[in-house]
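Shown next, in structure tokens, is the structure this report addresses.
Which chain is which? They are A, B, C and D, in the order written, and residues in each are numbered from 1.
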Amino acid sequence: MTQTASLGRRAAVECVGTGALVAVAVGAGVQATALSRDAGVQLLACSLATVFGLGVLLALFGPISGAHLNPVVTLAAWWHGRREGAGPGAREAAAYIPAQVAGAIGGAVLANAMFAQPLVRWSTHDRSAPHLWLGEAVATAGLVLLAFGLTRTGRAHLAPVAVACYIGAAYWFTSSTSFANPALTIGRAFTDTAPGIAPASVLPFVAAQLVGLVVGVALAAVLFGRAAPAAAPAAAQDAVVPHAEDQPAASGH
Amino acid sequence: MTQTASLGRRAAVECVGTGALVAVAVGAGVQATALSRDAGVQLLACSLATVFGLGVLLALFGPISGAHLNPVVTLAAWWHGRREGAGPGAREAAAYIPAQVAGAIGGAVLANAMFAQPLVRWSTHDRSAPHLWLGEAVATAGLVLLAFGLTRTGRAHLAPVAVACYIGAAYWFTSSTSFANPALTIGRAFTDTAPGIAPASVLPFVAAQLVGLVVGVALAAVLFGRAAPAAAPAAAQDAVVPHAEDQPAASGH
Amino acid sequence: MTQTASLGRRAAVECVGTGALVAVAVGAGVQATALSRDAGVQLLACSLATVFGLGVLLALFGPISGAHLNPVVTLAAWWHGRREGAGPGAREAAAYIPAQVAGAIGGAVLANAMFAQPLVRWSTHDRSAPHLWLGEAVATAGLVLLAFGLTRTGRAHLAPVAVACYIGAAYWFTSSTSFANPALTIGRAFTDTAPGIAPASVLPFVAAQLVGLVVGVALAAVLFGRAAPAAAPAAAQDAVVPHAEDQPAASGH
Amino acid sequence: MTQTASLGRRAAVECVGTGALVAVAVGAGVQATALSRDAGVQLLACSLATVFGLGVLLALFGPISGAHLNPVVTLAAWWHGRREGAGPGAREAAAYIPAQVAGAIGGAVLANAMFAQPLVRWSTHDRSAPHLWLGEAVATAGLVLLAFGLTRTGRAHLAPVAVACYIGAAYWFTSSTSFANPALTIGRAFTDTAPGIAPASVLPFVAAQLVGLVVGVALAAVLFGRAAPAAAPAAAQDAVVPHAEDQPAASGH
């Protein structure tokens, strides 16, 4: 079935999946803020809801579109695929990324509706500070390293659990609570609730995420080595899972 | 063994399983309310207890009855089976749904007894508001999409973990804390404790869940495509897991 | 290796494993009480620590002794084995149960030492009330039903995760916070800290657990049917996992 | 791929992995302390972040270096390998341990930077008391027993989940919150935040961990028996997983 899914359907899956991810992040944030006055309890709730929700989305949509749900992941997969003649091409990437961003905005609007908030109102939550940008770069580098490393070591099937757990940890160990996803960042600008991010803070966050992407790709090359060249025999193909497989480990937040 | 279980035994499993699910939801709700004054901590406890308990019930009872534990899931399985000549027939559905509702009421009574509450007292917890109904519709649509998608992509064996995690997330990202189950909704009317729902709020909740069922079925058709026709060769059968399998992914909350 | 482990070594494993389980329950209880003033947070910590710790113990010691860690589980395995000529015999049970009780007491003493408490002091925590006994009976019946059902449906390999998650839920949905284990109950009488139980409350708790054992065995017969008779052909053996397997699902809390 | 990874690359993986582990422990500790005034909520957050983060690191780096991330684990693997002619040799251990310590310090510095703390400042958090040392010895003995037992019973593939869950439980049931790792202990001296440890407390902690290592190795010999001698036939090799396998279960915190 995965081979027969049209690009349109795969893009629709990326759109719905990213939307669901943003609805989880925003909805849980609003619920947690409404219920608890302890900011630690709030982040516990948000991080656990995201672990559960993201893991489910990756498992459900992975077989159809790869479940990137994140432009950084799509770009990383395209970059690796470009060198090895596998992974999404420029055409796929050009379809996925706008679908992810549109879905993210839709997810924020849906969460606003579910919690009786104005459907669209710009966030006033300023998140501009150098140490937050460092947090975003670290979070994104780790995500890229994880997605690449799982694929390279033949453990792509662990991606739903591993990526969800990674983000659950990164909520806590990074100062920015780990957005690590440009589409999610844009979507969260469309809600004036606790999980929002002011539009003026979006661009620096996305820039930090792109820096993290580059760092993650470089770190992956150092730690996991380069893929075998295309002329490598079948034995090497066994050891190094190529990016052309149906279900890339790359997956998103 | 699954093939030899009589309809009576399968209905008994649906009854006990749904009862256990309601006992978990109500019991954890009473315990959490008694122990913590922070409503965020209370919902954390309820959501984690449900994730653990629901996952166990689906794993334990799936091989016998399919572990629907939820009329919406039974209806969705019947609908898909009707078209493809598989899944539960009208006779099975007519046995499952009353068993689920009876079990749900029994589970609420048992929870009341375990916490020294009156065995039966109507809930006075009003839950009537449009944004809560939207929450129920979204929660149920997501559940139906998940159950269908896992089956269609050959990952039905992940259902116990995936459905439990989904509900754990939906507790937080939906405004209604995701009942998503008509039997559970009816059962929770029988307890005048925090997790209860006033009888007057039950019908709109169930209606919203049925709307979610329709939305979920439609969304699944868009994102996962239609099943191969009955005349399809064996190769298609491999790619598209038929609904006649012993352990449907559909499973409930 | 499992076949070659002597009865003495298996009993030692039951002793150390049950001791570790009690050390987790008591240690986490003392730590949680010391750190938080919110009783909900305390129970969250205890339930999560037990889920993590119990799952690890069952996975680690299952291949050696079956990881009962609980006299109720040993008795249930003996009862079923008696009828089917498999499972632990009277000799094994007579070795396991004292080892479990001795280990449980040792675990409580170790936890007392780790938290600078008197090594042994009787608990003054009264836990005598009919609704708590009902909670214990329900918790134990569920545990027995789970252990039996997983074995009968060929899912014994899920026991470490399923039993740990079950106890994590039962901490919340039962009024007694689910001891469900006579050895653990006795061990917790040896610590005058929050997780303790006054000696006068021990006997009724154990009696309720034994009632739960009987209810669980009966419920399992109704829901999962009786095992195939010894004369059944190999095909039936495939469908019904016999109790003589190396790693019984039965496992304890 | 695991066979071709050079010692330099494996040491780099140990360095980065241990650094990431310390960044998780320190970062989550700083975040939790900043967000919540309830010390129970703080420890819940730290323990869950560590469970998620440690599990991911073990799954990601296990195929390359074995993912020890802990000098105690490296020493235990060397000890067992020395007797059986497998596991890391003295040369590997001499490369791994300094890499782990260097990485741990780097991870603490990175966490300090992400949270806008001074990059290096000695901790003033005194952790000197006999019952804390007992906690460290118990925590480390359990970790060594777990890593050894999983390997001996052929369940090394469960190590990422099992070790992460073990540490999650040990955060709560030991009085010291389970450092159980000399490199982590040294790294946490480099941050004057809540998760830090004063330099004067480091040496006794490391000494207690080494005592725990010895206790764990002895306990493992009692409970799991000795490995089959090298002259044992292939049948024994099947039952007893040798230490020379590519991905040792031993893994760290």
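Please note the rule applied: a residue touches a chain if its C-beta (ideal position, glycine included) is under 8 Å from a C-beta of that chain, and two chains touch if they have at least 3 such contacts.
Owing to the predicted nature of the structure, the values given are computational and were not obtained by experimental measurement.
Chemist: Could you say what rotation angle superposes chain A on its sequence twin chain B, using C-alpha positions and rounding to the nearest 5°?
Modeler: 90
Chemist: When chain B touches chain C, do the two copies use mostly the same residue numbers, with over half shared, or different ones?
Modeler: The interface is built from different residue numbers on each side, given that under half of them are used by both copies.
Chemist: With chain centres set to the mean of the C-alpha atoms, which chain is at the far end from chain C?
Modeler: Measuring from the centre of chain C, the most distant chain centre belongs to A.
Chemist: With chain centres defined as C-alpha means, what is the inter-centre distance between chain A and chain D in Å?
Modeler: 29
Chemist: Calculate how many whole Å lie between the centre of chain A and the centre of chain C, each centre taken as the average of the chain's C-alpha atoms.
Modeler: Between these chains, centre-to-centre, one finds 40 Å.
Chemist: Return the residues of chain B touching two or more other chains; collapse runs of consecutive numbers into ranges.
Modeler: Within chain B, residues 38, 41-42, 44, 48, 51 contact more than one other chain.
Chemist: Got a list of which chains touch which?
Modeler: A-B, A-D, B-C, C-D
Chemist: Under the definition above, what is the set of chain A residues touching chain B in their complex?
Modeler: Within the complex, chain A contacts chain B at residues 1-2, 4-5, 9, 12-13, 16, 20, 23-24, 26-28, 31-32, 35-38, 41-42, 44-46, 48-53, 55-56, 59-61, 63-64, 110-111, 113-116.
Chemist: For chain B, which residues are in contact with chain A within the complex?
Modeler: 38-44, 47-48, 51, 129-131, 134-135, 138, 142, 145-146, 149-150, 152-155, 158, 162, 165-166, 168-169, 171-175, 219, 222-225, 239-240
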